[in-house]
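The data blocks that follow each hold one structure.
Heads up, the next two complexes both have subunit A, just with different partners, subunit B and then subunit C.
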Partner chain A sequence: MTSSVTLQKLVPWIVGAALIALPFVYGDPYHLHILILILIWSFAYTSWSMMGRFGLVSLGHGGFMGVGAYVTALLWNHLGVSPWVGIPIALVCAGALALVVAYPCFRFRITGHYFALVTLALSGIVLQIITATRDWTGGSLGYTPSRTTGSHLAALQFDDKTTWYLIALGVWAGGLLIWYWVDRSMDRYALEAISEDEDAAAAAGVNVTFEKLKITVISALMTAFAGAMYCQYQMFISPDTVSGIAISLQMVFAVVVGGIYVAMGPTVGAIITIMLAEGLRVGFGTKAVGWDNLVYGVLLVVFIIFLPKGILGSLLARIRSSSKR
Partner chain B sequence: MLVVEGLVKKFGGFTAVDNVSFKVDQGEILGLIGPNGSGKSTIFNMLSGTFPPTAGSIRFAGSEVSGLPPHKIINRGIGRTFQIPRPFRRLTIFENVALAGYYGQGSHSLAQANEAAEKALAMVGLPTDRTASVDGLGAAGLKKLELAKALATGPKLLLADESLGGLDETEMDQAADMLRKIRDELGITIIWVEHIMGVLMRVVDRVMVLDHGEKISEGLPSAVSSDPRVVEVYLGTDADATQAAAAEARR
Partner chain C sequence: MMEYFDIYLLEAMVNGLLLGGVLALLALGLNLIFGVIDVVWICYAELIMIGMYGMYYLVQYYGLSYYAAAPLTILLVAFLGLMLHFLVIEPLLDAAPINQLLATGGVLFFLQSFATVAFGIDFRNLGIRLPVLAIGDMYFSYSRLLAFVAALAGMVVVYLFMTRTYMGTAIRAISQDRQIMALMGVDTRKLYLVTSALGGGLAGLAACLLVLQYDVHPFVGLSFGPITFLIVVLGGLGNFVGGFVAAFLFAEIISLGGLFSDLEWGYVLAFAFFIIMMFIRPAGLLARRS
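Moving on, here comes the complex of A and B:
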């Protein structure tokens, strides 16, 4: 018994060490590229699930991601501000945006479907702003941060896939740490209580509006950071890839499929969505453009009806119940 | 301890509570009775901050609390239970109560929250085992949990909302004794809202009767239950009132 418990404690360390060692053993650039994308998107999905797991379903996280990516890139191209400064500024912008949208919602108790609709407008607005200011942002054609002529580190631009893989791995692990940190805090109980019954939570002394704002801002900051990371890695962003409703829906889909209530659920979701998108791209080429969104839509409905805990969530629940027996 | 003056609550054109004033003394159990829709729950909701009064003042321990948000009122020391128990089913019994201890006392200390939870659970007679699920509780258990949550917030004044609905007679007596025990052992002042007059009259020090949002009687249980106005509104029909009055006359 004790040996199996210590073994269980060792597993994350062993997996972590293996993940760190991977690029030094196996260096195929295409596969590393896919892994980097999976890690960055896993982090983005984890960010969404921070609030999604408490019934705060946002369809506007594409907006936060877009702010993170575009503010960082625009500051770099137009003002020469290093991403080391630009990213914190982008995060402040995303946090402010989250407060502006969420505070009135929470103050006037706009919850459930209505909250989702308000946030849906948010991702639409950010998309419109990016397209409307095309003289600066390149509009729907996309935007490329200028290649640095100086230090790669200062510009946060690296040509080497291994470096990016390690950065993405660190960001992903950081996301999981934040997830666990919230999961073990009293805030989690408060948010679970709020998601069940706001009045009863308030009667237990919980400041409902404040708790909801707190988790929303954390989630928005993380999502914006994911946008900035994606931008620095891909060196190309467009409204379709980091903002807008499609991206927002993709986040919801991935998390629901992977498992909304478990730490690794969003990661499993990212693996599935990115493999799906890549599989369609490689298998069918340009004929399959947009198919992934169609498949997401159908699968989302199927999962919500038949497997609401998601793949990983259902699997873990099954293992737990069979080990009890 | 609690001084309520000229309390009014209007919902649109409907006046749910009309100019009600009352006082509660330290260590007292005040019963609040009245037929359905008489404004009892509305008064509770104003006292606990669920919504602000349209007019009037609520002074608790010397300071004005009307219009404060619920969490601030709870931190000042007014705890409440709900008429229908509202447990958090995704949390364990212990977590439900510890949550109230953590946020309700405003201390945000985990050690203090756990201690408060253990005390409150022991007080109401629920298991202090940390893994017990809410799903195992029946109607009486859920009411105990509701009470434990309120106690864990460390109230000086407890607002107990119709805590006996749905219980059988033995459970009712136990619950009534529980409220008395909470007052006697913890020194918590209580306002108890209840439909069922009998059990309530046995435990409370004083009773206040509401009808259509107005206070129609107040005093010792024995005096109030023989007040003809109370008999009339509480029993509802004229026939009952006449009968009661006749019985009174015969005595």
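Moving on, here comes the complex of A and C:
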């Protein structure tokens, strides 16, 4: 009994050490690139699941991601502000946006369908603003942060895949830490109570509006950070890759497939979706355009009908129930 | 100078009115589905996109005339609506409401990429160019006028169906109380299927009208889908009159905003208006305060 507990405690450290050591042992740039993308998107999906697991289904996270990416890039290109300053500013913008949209929603008890549709409007707004201000943002053609001529560190631009891998790994681990921090806090119980029954939770002394706002802002800040990271790594952003309804739905999809109620669910979702897209792209080339989303769409419907806890969630539930017997 | 400005203003206002008719038709279909089945079809605009492709192929490949192709398209999309309910919504009727919304989100992905795979990403149009109507210095396209009239006619037909037929009465009753109606011996499953087909049919009608104004491509749904959801929420989900009023309000804002700047800024203005209205009237424009 005691040995299995210590083993369980050791597993994250062993896996962590292996992940850190990986790029020094195996340095294939293409595989590292895929890993970096998986880590960055895992972080983004984790940030969505922060509020998604409490029944706050937002379709506006594409908007937060767009703000994170575009504010950082615009400040760098037009004002020469380093991402070290630009990213915090972008986070403040995303947080303010989250407050402006979420406060009336929660104050006036807009939940469920309504909340999803209002946040859907948010991703629409951000996409339209980016397209409409094409003189600055390049519109739907996309936008590239200009290459630095000075310090790579100050510009947060690295040509080296290993550096990016370690940064993405750190960001991803940070996301998981925040997930566990919320999971072990009192807020988790308050939010679970709210998702079951708002009136009962309020009667029990839970400040419903404040608790929901708190988790929404945390989730929005993380998503914006993911957007900024994606921008700094890819060095190219377009309204379709970092904002809009498609990205919001992609987040929902990955989390639902992986498992919405478990910490590693979004990561499993990211691995599955990115491997699927890459596999189809490598296997079928340009003929595969559209096929990955076709499979996503069918999978999303099938999962919601037959496996609403997601792959990892269902797996863990099965292991737990069999070990109890 | 002032005179010209006024004419442009009037032209924009009338164009806004014409746009409002089509938007009201879109909102009606979504409201019908939500009011009766309590489900939001996120993929509503994608059903319209498939309908637009239907029109394109019927007219361009099979050489049908526009007026012969339109009823076929309406039937096609009505069938799609039926299948959507049968395959996706029905297994989820007892699940959390948000799961139904997400499942239709999956259908959105599916339809978009299906169109990409099957029809390619080229922009296609019917090749029908309707003349432009000139009144004084103002110009209105016939396609918009036709869309406006047909949308209004479609809405009147739905209104008559809902108030004058036995089936319509049953649908209205079920939207008021789901449980009791089943106890009264009403086949709710059949009513849901009829409603889904009707909602799909409205999407098909919208497809026939929009194909005159827009080029078809797999992502065309995104250019009017989000705005439809805003209208429906602003009017109050399931509130037919509210959706109607909100559609014309939005159309005027887009049209007038587009007059002073780009069309996108018209959309941005409309979105901003939406968020402000959510502060003031969170349950919809015409909601009674409870």
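Quick note on the criterion: the second predicted complex is superposed on the first by the 325 of 325 C-alpha atoms of A that agree within 3 Å, B and C clash if a C-alpha of one lies under 4 Å from a C-alpha of the other, contacts with A are read in each partner's own complex, and residues count from 1 in each chain.
Convention: contacts are C-beta pairs under 8 Å (C-beta built on N, C-alpha and C of every residue); 3 or more make two chains touch, one makes a residue touch a chain.
This is a predicted model, so every value here is computed, not measured.
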item: Dominant contact partner of subunit A by residue count, subunit C or subunit B; value: C
item: Partner chain in contact with A:A203 - subunit B first, subunit C second, else both or neither; value: first
item: Contacts of A:A90 with subunit B and subunit C, given as first, second, both or neither; value: neither
item: First (subunit B), second (subunit C), both or neither touched by A:L249; value: second
item: First, second, both or neither for A:C105, with subunit B first and subunit C second; value: second
item: First, second, both or neither for A:W291, with subunit B first and subunit C second; value: second
item: First (subunit B), second (subunit C), both or neither touched by A:A193; value: first
item: Shared subunit A surface residues [contacts with subunit B and with subunit C]; value: none
item: Of subunit C, residues touching subunit A in the complex; value: 34, 40, 42, 88, 91-92, 95-99, 101-103, 105-114, 116-117, 121, 218, 222, 225-227, 229-230, 232-233, 237, 262, 264-265, 267-268, 271-272, 274-275, 278-279, 282-283
item: Residues of subunit A that touch subunit B when the two form their complex; value: 186, 189-190, 192-193, 195-197, 199-208
item: Subunit A contact footprint on subunit B (complex, rising order); value: 48-50, 69-71, 74-75, 79-80, 82, 86-91, 95, 98-100, 102-106, 108, 110, 113, 149-150, 153
item: Residue ranges of subunit A in contact with subunit C within the complex; value: 55, 57, 59, 100-101, 104-105, 108-110, 112-114, 116-118, 120-121, 123-125, 128-129, 131-132, 244-246, 249, 252-253, 256, 289-294, 296-301, 304-305, 308
